[in-house]
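As structure tokens, here come the structures.
Presented sequentially are two complexes of subunit A, the first with subunit B as partner and the second with subunit C.
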Partner chain A sequence: MRTTSTFKEHTAFIGTYAAALLGCGATCVRLEKNIGRIASAYGIEVEMTIMPRHIHLFMRDKSSGTSESAVIEPRKMPISFRCNTLLSRLSWEIADGQIEFSGAGAALQRAVSQPPRSKELVTFMVCCASASFCRLFGGDLAAMGVLMLSTCAGFMLRCHLLERKVDIRAVMFLCALVSSVLGATDMLFSIGSTPEIALGTSVLYLVPGIPFLNAFSDVINRHYICAFSRFMDAVVLTCCLSAGLCTGLLVMNAGMFR
Partner chain B sequence: MSTPLLFWLLVFGAFVIVLALRLTAALIHHLHGRHHIFEAGTEREIVYIPGDPLHPDENDYEDNEYV
Partner chain C sequence: MWTQIFEDAFFSAIAAIGFAAISTPPRNCFAVCALIAATGHSLRFWLMDAQFGAGMHIVPATFAASFVIGCLSVFFSPMTKAPAETCLFPSLLPMIPGIYAYKTFGAMVKFVLSSNSMQSDYYFSQLSSNGFTCMFILICMALGSTLPVFLFGRIAFSATRRKFL
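The block that comes next holds the complex of A and B.
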């Protein structure tokens, strides 16, 4: 029979795992599956209530009947598909018996403390993605160049402000403002033939796509409270983005304010 | 000077200054870092198979493979 201390260690591990998985932007269905998989491997029955700001776990040892309840806050970390993947892989390794409990704790710490990708490379990739979107909407080379410039400025500002823990809503507003002002370069200096496309696509990189997708995933899996919370988060960010864009258009005397 | 142009110059100027400062800092860091164009890496850097542990574990029996 398992000792109480081991059971407590297992439940503490599951709690830390759940906090990390919710913090890195996993959907509710992934949380349920991964936590269920790990708990099952350790001979634990788990019931969970996933709320937007915390997870309530009730765990019961199948062999001894000992139970424990925990309310966990999600770990504060940026959305990361890489961390998400590593944590999912860890759950399978535990379920398949490929990793001991002691090793699992170390693997969990490694997964959540992955060094961030090169900032310069990410900025460049985001600029390329924005320019591609511009081309997709029919923008010419001048519009693509201007868009790369505006995205680079906005994205650098975004990274800088987020590193300094500035509120995400203020960050979205300021980045949208800067990107829209620089996105209006074509219009201001009469460069190229598609200045309105450069302006319109200048804030696309700020659209909170992952929260929207996660919200719909949660709706499909009937986690309505979480879905609504994620959706509202995304809507608020989109409103801040729109406010920044409108201010930029107003200042530049462009678009609908012309 | 019109308001849009003034505002554009302000934002663009700030961006150029920040970019120049960052590039200078990166250049200085690179020069002091003494990065070699060609160098011999460790065995682990050359022969890496996806799935290999990313960091050495102090509790491992043989750590030499990471050196």
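The block that comes next holds the complex of A and C.
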């Protein structure tokens, strides 16, 4: 294996892989297993410290004893299970010797540069999900309709602002504000019989559920620092969306401010 | 009863598909997410139903449903060739205690703004009741769903392997 590529190339590849996997929202345990698998296939021993904003990798060549240390920043990208799947698959292909080192680099690039899904389709799916969520909590048809509209406006604004690289906390606040103001119309115009449900569920599509669940998974695997960081990130985002909801209700004189 | 269960399963499946779309799963995982979410959420509905079901409290019912969702996600992952979390996390999202969180937040605001002790006592009890229920539901969801991933780690972490062992 080492005849076609050098130790440095392998460590650079492992670093890029780790940055991509952490960036796409993988849990710490998956990161450890996948990187360990690749390193082992290339005859490298690896020790890693996974921190919230960087990964510290210490790699040692088993045959020559050469070592290298790298501090890598996670790749900035939205949570993507498709990327996570492709990267996990790649780690097995490397471990099972099904892919050459040059092919692995190309596969890594393909995994991280997957085109995003149609924005309109995703918006429509999220709107349907919000309306269904409202129904699960006992909302009527009017509340479901209002919620579809408020989610549509909020989600489109979210996509628009994120594309313009606006800070995620400000995005959360603004989207929650817009969604709650529109969600309050059910109460304001007495359209249906469950306006409280429409209000309560109007910002749920913004709840950072995956960071919360990742944090719990990291706790189980005793990655406490990373878990705490992910948890705090999720709490801050939840506070931002709560502030947006609160401002929206205050503006509309609805919900808890009525 | 069956109509209610099917309605619950149907809407939770749509919710799971929609929320899954935000985190970009592989295309073949959408149907599995829907199936797992429908099974888990309708199981919780049945467990909580006092008349025809087990009449359980929402917290243990959530734990049981989350555990089933976790197990199904792990066992379906070799079929989808995707990590177990791909179907697990979106399937859990319909169980998020949104209304409890909203009521907790509302009670907190009213508690802060209340002008007399009787009002503040009432809102504090609302705040703690809804807040603790919300917190325990979230803990049970996270714990119940991630346990199978570690219990059946061999399946969960080699699901993406071409030649699954």
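Note that in this section the second predicted complex is superposed on the first by the 253 of 258 C-alpha atoms of A that agree within 3 Å, B and C clash if a C-alpha of one lies under 4 Å from a C-alpha of the other, contacts with A are read in each partner's own complex, and residues count from 1 in each chain.
The working rule: a residue touches a chain if its C-beta (ideal position, glycine included) is under 8 Å from a C-beta of that chain, and two chains touch if they have at least 3 such contacts.
The shown structure was predicted, so the numbers you read here are calculated from the model rather than taken from an experiment.
Aligning the two structures on subunit A places subunit B and subunit C side by side, free of any clash. Once the two complexes are overlaid on the shared chain, A:M156 sits against subunit B while remaining clear of subunit C. Look at A:T194: by the touch rule set out above, it reaches neither subunit B nor subunit C.
Considering which of subunit B and subunit C touches more of subunit A, the answer is C.
In the overlay built on the shared chain, the residue A:T11 is in contact with neither subunit B nor subunit C. Look at A:R110: by the touch rule set out above, it reaches subunit B but stays clear of subunit C.
When both complexes are overlaid on chain A, the residue A:V181 reaches subunit B alone and has no touch with subunit C. Panel annotation: after superposition on the shared chain A, the angle at the CA centre of subunit A between subunit B and subunit C (CA centres) reads 100 degrees, nearest 10. Once chain A of one complex is fitted onto chain A of the other, the partner contacts of A:V251 are limited to subunit B, with no touch recorded for subunit C.
The gap separating subunit B from subunit C at its narrowest, counted between C-alpha atoms of the superposed chains, is 9 angstrom. Touching of subunit A by both subunit B and subunit C, each in its own complex, is seen for no residue at all. Partner subunit C is touched in their complex by these residues of subunit A: 25-27, 29-30, 33, 78-85, 88-89, 91-93, 96, 98, 114, 116-117, 121-122, 125-130, 132-133, 135-137, 197, 199-201, 204-205, 207, 209-210, 212-213, 216-217, 220-221, 242, 245-246, 255-257. Partner subunit B is touched in their complex by these residues of subunit A: 102-103, 106, 110, 153, 156, 178, 181-182, 184-185, 188, 251-254. Taken together, the subunit B residues at the contact with subunit A in this complex read 2-5, 7-8, 11-12, 15, 18-19, 22, 54-55, 57, 59.
Interface residues of subunit C, counted against subunit A in their complex, comprise 7-8, 11-12, 14-19, 21-26, 29, 41, 81-83, 85-86, 88-89, 92-94, 96, 98-99, 102-103, 105-106, 109-110, 138-139, 141-143, 145-147, 149-150, 157-158, 160-163.
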